[in-house]
């Protein structure tokens, strides 16, 4: 497991091919990636293929899985946790939060149930991440 | 007339659920899991972010999903899940005294008990932050409950003290819900949180992380109005002249977790002052025979997947004990594990060689950040094995595997130490 | 028109209200905060002093000793936690021994019973965890530990149950004198009264000046404390003092009635009578000075630091007198104010009688008994409680084993709490080692539900100490 230290984001080593240094967020390991910008976006420093994919995406079209809550009525709590079932463009995260503000579910809800389909046209569905029974 | 169970598990968080499932899989027929909350899952229910399950389920899940899957598994076993019930006492002969609104005071007895009460957060009092005592100072976990379970905001302008993972996660969560997180302040020169969380919770939202800084004063009459932040020197003392004032209405504390061992202590189980959890043997048995412990009640883990692995081990051992198939190994070849240089603690604290199958696993934490380094295992002064690591940090649990024949060959106690690799 | 209006409902005001409510009088109690016991009463050493400190002949000396004698039976009647532990003043050299002998002499003159100078060896035998260099000690068997806010709530609750009217959030803004009466303007309205008792603690000089000629100034003196986990509660069994110095009684170490350990206070003059902040310097001082009494305190087990204000004045005695016709000052009630409170209550009745009040005893006076917590009930009472309300079976505060039933009981008392700390002061929910980290949100919910107030309106403590700033999903603004 790699840790973040202060000397991150150093100046590019090569003037022709800028190299971006990243920390992979795909798992708790936190590999230090080097991504060549331009060309094939070659990624080094990754311990698995997910890291390579992350590195490429992060310099071209960074994405994130959004986790949050939406309102729910009739359950023992007033919030139901949700997530996007795949990553969505990073710049759409806050817009997606606005969409979530308008959603009100009614219990019961099942884990995996689609709450908002194709959120903001990203192709990702917003799904409930837990069962919420109807409160007695 | 006390009801009798094969295995009784205290706590229905990730540790308790995994232990109960594993006890059932290993032959315990009557299993009960008791939890004070009205739902199973423990703290995972409020950890709505993803990052769980990569090891165990090989996919990235949110906290509620991880808990939900285990709850389903437990329900399939037909085990009894007793919620809204507080365990008041666990005795050495494995009676469990408990109370609930539904059943009042009741006592059950069990062939084996698994303690899985988890941990609690360190508070302002425990870290001694000077200043006024206004409202608006929350532990990150309490804030997380308000925001994620109850749907309330705890503040608008936030400073986070401590860079533990819950603090980092809450920085992002509060930001997404419209609050302004002004800073995350960490007294150590390194973060205790995962690097990925610094990237996706702080950097994504432009939240500055001040390492080697701390909050030296909280201001505000009734609600927090500002905090003073100062740089600290190598001995962690504030440096005069480095004061920064942040106008904020909220301080979130992410300053560490402490295993919750009131029941353990009351049961007369020996507590390790380093972990603040029970002393355990190789199979997670405590110093009271038939009472096992797993998860954050033993030592604070960084990943729930590791909690699951440890708890399955405890559940299995509990089932075997309950079915009298456990080795009665209390007087057997006992190998104490000594914390050598740079090792803060180990779990287990000792190993009964005869009780180990092919190998024993030892988990531990280092005292500081290491680059290329070696973990040394010694039998007294005699080196047994060296394990290489490229990176180690106090925030990341390490573990080594000790083959059984090595255990058998060791004459005395085992010492684990860590040192920087010598450069050639 | 009220017969008597008491300004301030700390333990002094509450004791006055308690004694006065034994008579057929119309009584008003004005409190500027949203609850009683919000000032010095909730932040002090929680000790009933034996009475060897005050100068013989002072009101302080007389009322301390009398109060100390009254306290035990009063607490028993009101079901307030009290324990006569005794105290030791430790001496480490000949100079200390000289001050011990002087204290002992003074105490005997004040009428303190059972004082004894004991050897260092005897002191160590009684308290094995104190500094082994102790050469002698003054043993005062009558010293005790008490729950100060519990006492205040029970005293004020008794007064309310017997007809006294408590006005919370009613800071006094001005007092006008009429013909044989006063007109008091408060933050919540105005009222008229024949007599006034000024028990406004750190603000008593300002209140006094609304009626009488200025003749004293309150000097707020801040004391900082450590409160430690129950793991440390058994370190000492008695209250452990060092010889008094110019800063007062110095830093003490004492068990609390709830099983914790309290260490403090410092003694620092401050300008703001509401300054309850703790400082790195102050806490460091407590650490250093207390280590002289015992080096065995594990301060890593601290669960809370707090500070309280003592309302001192230049005068080295309580100001307890009619400072204007019909206007009684109970001011500068610094330590041993808590101990003296029961006696001060009686003294106030006497002073009012001197001012012409002719109260008539009431036959139907009843005392309010604080509730017994579920965990402290007998098994029989427990099953009764569970039959009455099954929510006694739900533990809300796990550190102190406080049930939802206990909280509901606290909410039904004569002075129902409006804040999370108000609940804590009545039934201890949130006072344990996690300091409400776990039960805070649950108590919050219960308060909101039972009192019909929105979650956002529930306060931690005083008015304005709100916890929540709104709902989530109210838009995101970056």
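Labels for the chains are A, B and C, by order of writing; each one numbers its residues from 1.
The working rule: a contact is a pair of C-beta atoms (placed from the backbone, for glycine too) under 8 Å apart; a residue touches a chain by one contact, two chains touch by 3 or more.
Everything quoted here is computed from the prediction, not taken from an experiment.
> Which of the two pairs, A-B or B-C, is linked by more C-beta contacts?
Result: the pair with more contacts is B-C.
> Taking all protein C-alpha atoms shown, work out their mean, then name the chain whose own C-alpha mean is nearest to it.
So the chain sitting closest to the middle is B.
> Can you check how far apart chain A and chain C are, centre to centre, with Cα atoms defining each centre and the answer in Å?
The separation of the two C-alpha centroids amounts to 53 Å.
> Where the centres are mean C-alpha positions, what is the separation of chain A from chain B, in Å?
Roughly 25 Å, centre to centre.
> Chain B to chain C: how many Å between their CA centres?
That gives a centre separation of 38 Å.
> Out of chain C, which residues touch more than one other chain, so two or more?
Those would be 472-476, 478.
> Check each residue of chain B and list the ones that touch at least two other chains.
150-151, 176-177
> List, in ascending order, every residue of chain A touching at least 2 other chains.
69, 71, 79, 94, 97, in rising order.
> Residues of chain B touching chain A in their complex?
38-39, 45, 48-51, 54, 60, 62-65, 67-68, 148-151, 173, 176-177, 190-191, 194-196, 198-200, 204, 211, 302-303, 369, 391, 393, 395-396
> Okay, in this complex, where on chain A does chain C touch?
That would be residues 69-71, 79, 94, 97-98, 100-101 of chain A.
> Would you tell me which residues of chain C are touching chain A in their complex?
472-476, 478
> Going by the contact rule at the top, pick out the chain B residues touching chain C in the complex.
Going through chain B, the ones touching chain C are 36, 84, 86, 88, 99-105, 120-121, 123-126, 128, 130-136, 139, 141-142, 145-147, 150-156, 175-178, 205, 216-217, 221-223, 238, 249, 262.
> For a test of understanding, state which residues of chain C touch chain B in their complex under the given definition.
Within the complex, chain C touches chain B at residues 227, 274, 276-280, 283, 300, 302-306, 382-383, 386, 390-395, 398-399, 401, 404, 433-438, 440-441, 445, 455-456, 459-478.
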